[in-house]
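What follows is a set of structures to go through.
Consider the two complexes below, in which chain A is the common component and chain B and chain C are the respective partners.
Coming up: the complex of A and B.
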């Protein structure tokens, strides 16, 4: 039961091929349209960082809530957090070299009173949206996220070795501290990385909306990794009862995401204030199919697919649900990033999908390597018996 | 459902039922308040609550006779005390629904000792809440006009674009489902009381209330199926009711009201205030009814953790709103928030901040969150803070509107205060009567977890 995952030959080669495709797509992107390439990079870098972060968040929540059932699967979200370091490097590089293309608040002309482009709204935000402060915040986010991911992982692995209950206790504390910091950084990072693209626009709900979206895609990804491990004959202790619970989470948070989507959209649409409604206007005019599709694929599809008890207990249907949610939320982030960067001349071609495949390759590579480093079951976790006898 | 959950429980979990209870002892302990005579303290509390309620009724009667001109509203501040109280009471109800629906889905066994009284609280709180809009219309005898009924009054028809109408639907649905869910859970327990009755009158009344429950396997099967369906219906209701209440404000273009974070933040705030009220009530009830072995320190600690969680969510939302008011660059929005914090109603704002954001953070200290006295005091603080939150949102946002010549202040009349105090009397009267005629703990449901979490069945963990 407490075996490590052994990387197969395909596990080593396929992610490499995917990453190669990604590199080709990115290079092609820079050769055709620089802004588009940076936007695609930001889109994918944010999306996969968010998924990795959802892994750490999931682990922290399970400790703080003292959930027993998830002990048997916790090595998977733990391993997902391993991608964060690549996300950090990516985000720092993207901001350092691509900010001119992505965030128009970084352009100097808006702050020069003698320039016709002078923008008093951006000047008003300058105390928050300026390159040094943005950079400090960005580094701080990743230090917190990576730091806590590593600390939680360390306690978990050390527990395997000496079996002391102190690791569990310490993890609960670490989890609680992480959740406080995450409550703030998840919102502020969403404002920074995504909302500031549309630099004039604002919405108080934006941070929570983004966070729930990333949590759902993280759950779907986690689910698919568990299914893959089962497919390969690992994780026999994870039965349909555990999958059922993972499926419930995917279902429930898809609905919750919809609730936040609706709340944000409806209130802005109803009040119809020009400074707010402009955000949806551009999406309605130039991204209509994707914008409506986003709602359909992230609400209607998971709602119908994962509604019944039987659906959540069947591996095949969970695959379907997982893939739908994963792709659906990829499009959600797409519709958040693109209108403010590439505008109405958006594309959905090899550059976009190729980069996604590249990032996915890196994510799979990173997660499988992390999984291979440690046993798949935390054998000394004090709630292990609960997960082994989990029946619902 | 919960009783299908794993039998094996980790030793790090503390027992939820103390005192080496057996099944019979649970029945005895929980039926005692219903079967025995009320003690002196119950009568004192009841007389105070009942008198307060009568006072509220008199104030309501005065309002009906004289119109809402007897309140302190004016042409700038058209919503104030009454809507504050409405939102406050509706929010308090949310803990009951959260415990009965969402904690059920999360398989939290500790909900069993508190769900019955929290659900009862929901129903009483919604009744108190409903009074305010009903009487704010000024002509409560025409309130059926709020329903989309076919009529002969020409163009009289409800406005489906109005969130106030959505509220009518949301709250009446919420009330109905909560009432049915609560009563359904009571049926097996009422049958238990019926079977223990010694006088024929009592037996007849409880027999009627128990709907002929026999406790057969077929009865239980149906009971569990219906419970699950109702839990499924209640879960979206927890979110939808306060969401729609938040729409009352957020769909407008009033600075300080129109903000997208309102729906989830109102829901979190509602659960926050609801748990504070559950704590206030349960801390008294466990003492007066000698239920300390069922509503343990662990229960109090877990509820305090929910207070920390929801209180922090509310705190983050306050800061987000304040930040966005500045970040948006909209001068009206910025002014509204500066006016809240430093304007004439600064004391309301800082009372809200102190009670809602700072005091719950004390629960990070284990000693404080496991102390009954400290919890009781902080729960009162949260109740007060959440009242001020609604007052701040409602009054400070509208008392200084776009037109400075209309700026004004609002203060309540003694009639308005009387109605509010009267609803508190009504709430406690209902709760006290409930505690005498119905079992305050779901005893049959509690028995299903005895062998998992009773302290004589558990090896004490080392955690």
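Coming up: the complex of A and C.
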């Protein structure tokens, strides 16, 4: 049972090919249109960092809730968190070299009173949105996220070796501290990385909205990794009861994502204040198909596919649900990033999909390598027996 | 119609062991009542899947339909109300404003419908005496419901239940002690 995952030959080559496609797409992007290339990079970098972050968040929540059912699958979200360091490097590089293309609040002319472009809204936000403070915050987020990912992982691996109960107690504490920090940093990072693209606009729901999209796409990815491992003959202890729970998570948070999406939209639509409506106006005018389609594939499709009990207990339907949610939320982040950066000149071509394939390759490569480093079951976890006898 | 008899057990471990043994002898075990949930007992006696989720879906759809009809009738059809200049001539134009009502109504109908259905189906409406075969089933006794199809075999089945570990067998529901 406590076997390690062994990387197959395809596991080593296919992600490399995908990353090569990604590199070609990024280079092509910079040759065609620099702003578009940076926007695509930000979009994919944020999306996959968010998925990795959802892995750590999931582990922390299971520890704090002292949930037993997820012990058998917890090595998968743990391994997903390993991508965060690549996301950190990517985000820092993107901000360092692409900020002029992505975040117009970084332009100096808006803060010069003698310049006709002087912008009193941006001047008002300057205390928060300025390059030094942004950089400090960005580094701090990644230090917190990567630090807690590594600490939780270290405790879990050490538990395998000596079997002491202290590791579990310490993980509960670490998880609780992480959740508090994450509650703040998930919101503020969403403001920084995504909401500040539309620097004039603000929404108090934005942090939650981004967080919940992050969590549900992370759950879908986790589900697909578990199904992949089962397909390869690993994780026999994960039965349909566990998959049912994962499916319930995906279903529930798809609905919750819709709730927040609609809350944000409806209040702005109803109040009809010009400075708020501008966000949806550009989406309605230039991104209508994607914007409405995003709602449909992220709400209606998972809602109908994953609604019944039987559906959540079938591997095939879980694959369908996972792929729908994964692609749907990729488009969701697309609609968050693109209108403020490339505006109406958006494309969905090789550059977008190629970069996505590249990042996906890196993510798969990173996660599978992390999985191969440790046994797939935390064999000394105090709640392991509970997960083996989990019946619902 | 089959006659329902009740095997009284003192311990859930004995009960869990008795059910497969009795089933092997052809005794029809229909239900179990216990003071606390016994893990896995529903699979053991083969209780059919609950249909309350289907009811819930239907009640929810009823709630959705009701709310959409109500908002359409009140706000669009019967009397246009201009609130904040929102378009109110066509239903779909003002639909986002009606979604919260629809959501609440869906939840309301689904939740109340499920509770009422459950109460009706379990025959435990307020004011109705609960059909408990043995009063101590709410305290420390475990009751196994057994159906006897052939009355001539009654004594044999009672003997089988007793020999499987039951402390007592009731032929009739004991409402008052």
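Everything that follows uses one rule, which is that the second predicted complex is superposed on the first by the 392 of 392 C-alpha atoms of A that agree within 3 Å, B and C clash if a C-alpha of one lies under 4 Å from a C-alpha of the other, contacts with A are read in each partner's own complex, and residues count from 1 in each chain.
Just so it is clear, a contact is a pair of C-beta atoms (placed from the backbone, for glycine too) under 8 Å apart; a residue touches a chain by one contact, two chains touch by 3 or more.
For clarity, every value in this text was computed on a predicted model and none was experimentally measured.
Peer 1: Should the pairing of chain B and chain C on chain A count as a clash or a fit in the superposition?
Peer 2: After superposition on chain A, chain B vs chain C: clash.
Peer 1: With the two structures laid over each other on chain A, which partner does A:66 touch: chain B (first), chain C (second), both, or neither?
Peer 2: first
Peer 1: Contacts for A:264 in the overlay, against chain B (first) and chain C (second): which applies, first, second, both or neither?
Peer 2: first
Peer 1: First (chain B), second (chain C), both or neither: which does A:350 touch?
Peer 2: Neither chain B nor chain C is touched by A:350.
Peer 1: Determine, for the superposed model, which of the two partners chain B and chain C contacts more residues of chain A.
Peer 2: B
Peer 1: In the superposed arrangement, does A:391 touch chain B (first), chain C (second), both or neither?
Peer 2: In the superposition, A:391 touches chain B and chain C alike.
Peer 1: Regarding the shared-chain residue A:309, is it in contact with chain B (first), chain C (second), both, or neither?
Peer 2: Second partner only, chain C.
Peer 1: Would you sort A:275 into first (chain B), second (chain C), both or neither based on which partner it touches?
Peer 2: In the superposed model, A:275 contacts chain B only, not chain C.
Peer 1: One more residue to check, A:295. First (chain B), second (chain C), both or neither?
Peer 2: neither
Peer 1: In the superposed view, which residues of chain A touch chain B and also chain C?
Peer 2: Looking at chain A, the two contact sets intersect at 266, 270, 391.
Peer 1: For the complex, give me every residue of chain A touching chain B.
Peer 2: On the chain A side, the touching residues are 66, 68-69, 120-121, 124-125, 128, 165, 168-169, 180, 183-184, 187, 200, 202-208, 248, 252, 255, 259-260, 263-264, 266-268, 270-271, 273, 275, 382-383, 385-386, 388-392.
Peer 1: Could you please specify the touching residues of chain C with respect to chain A in the complex?
Peer 2: Result: residues 39-40, 43, 49, 53, 57, 84-86, 96-97, 99-100 of chain C touch chain A.
Peer 1: Going by the contact rule at the top, pick out the chain B residues touching chain A in the complex.
Peer 2: Of all residues in chain B, those touching chain A are 4-13, 105, 107, 236, 239, 243, 247, 250-253, 258-264, 312-313, 316-317, 320-321, 324, 327-330, 461-463.
Peer 1: Which positions of chain A touch chain C when the two form their complex?
Peer 2: Residues 262, 265-266, 269-270, 272, 307-309, 391.
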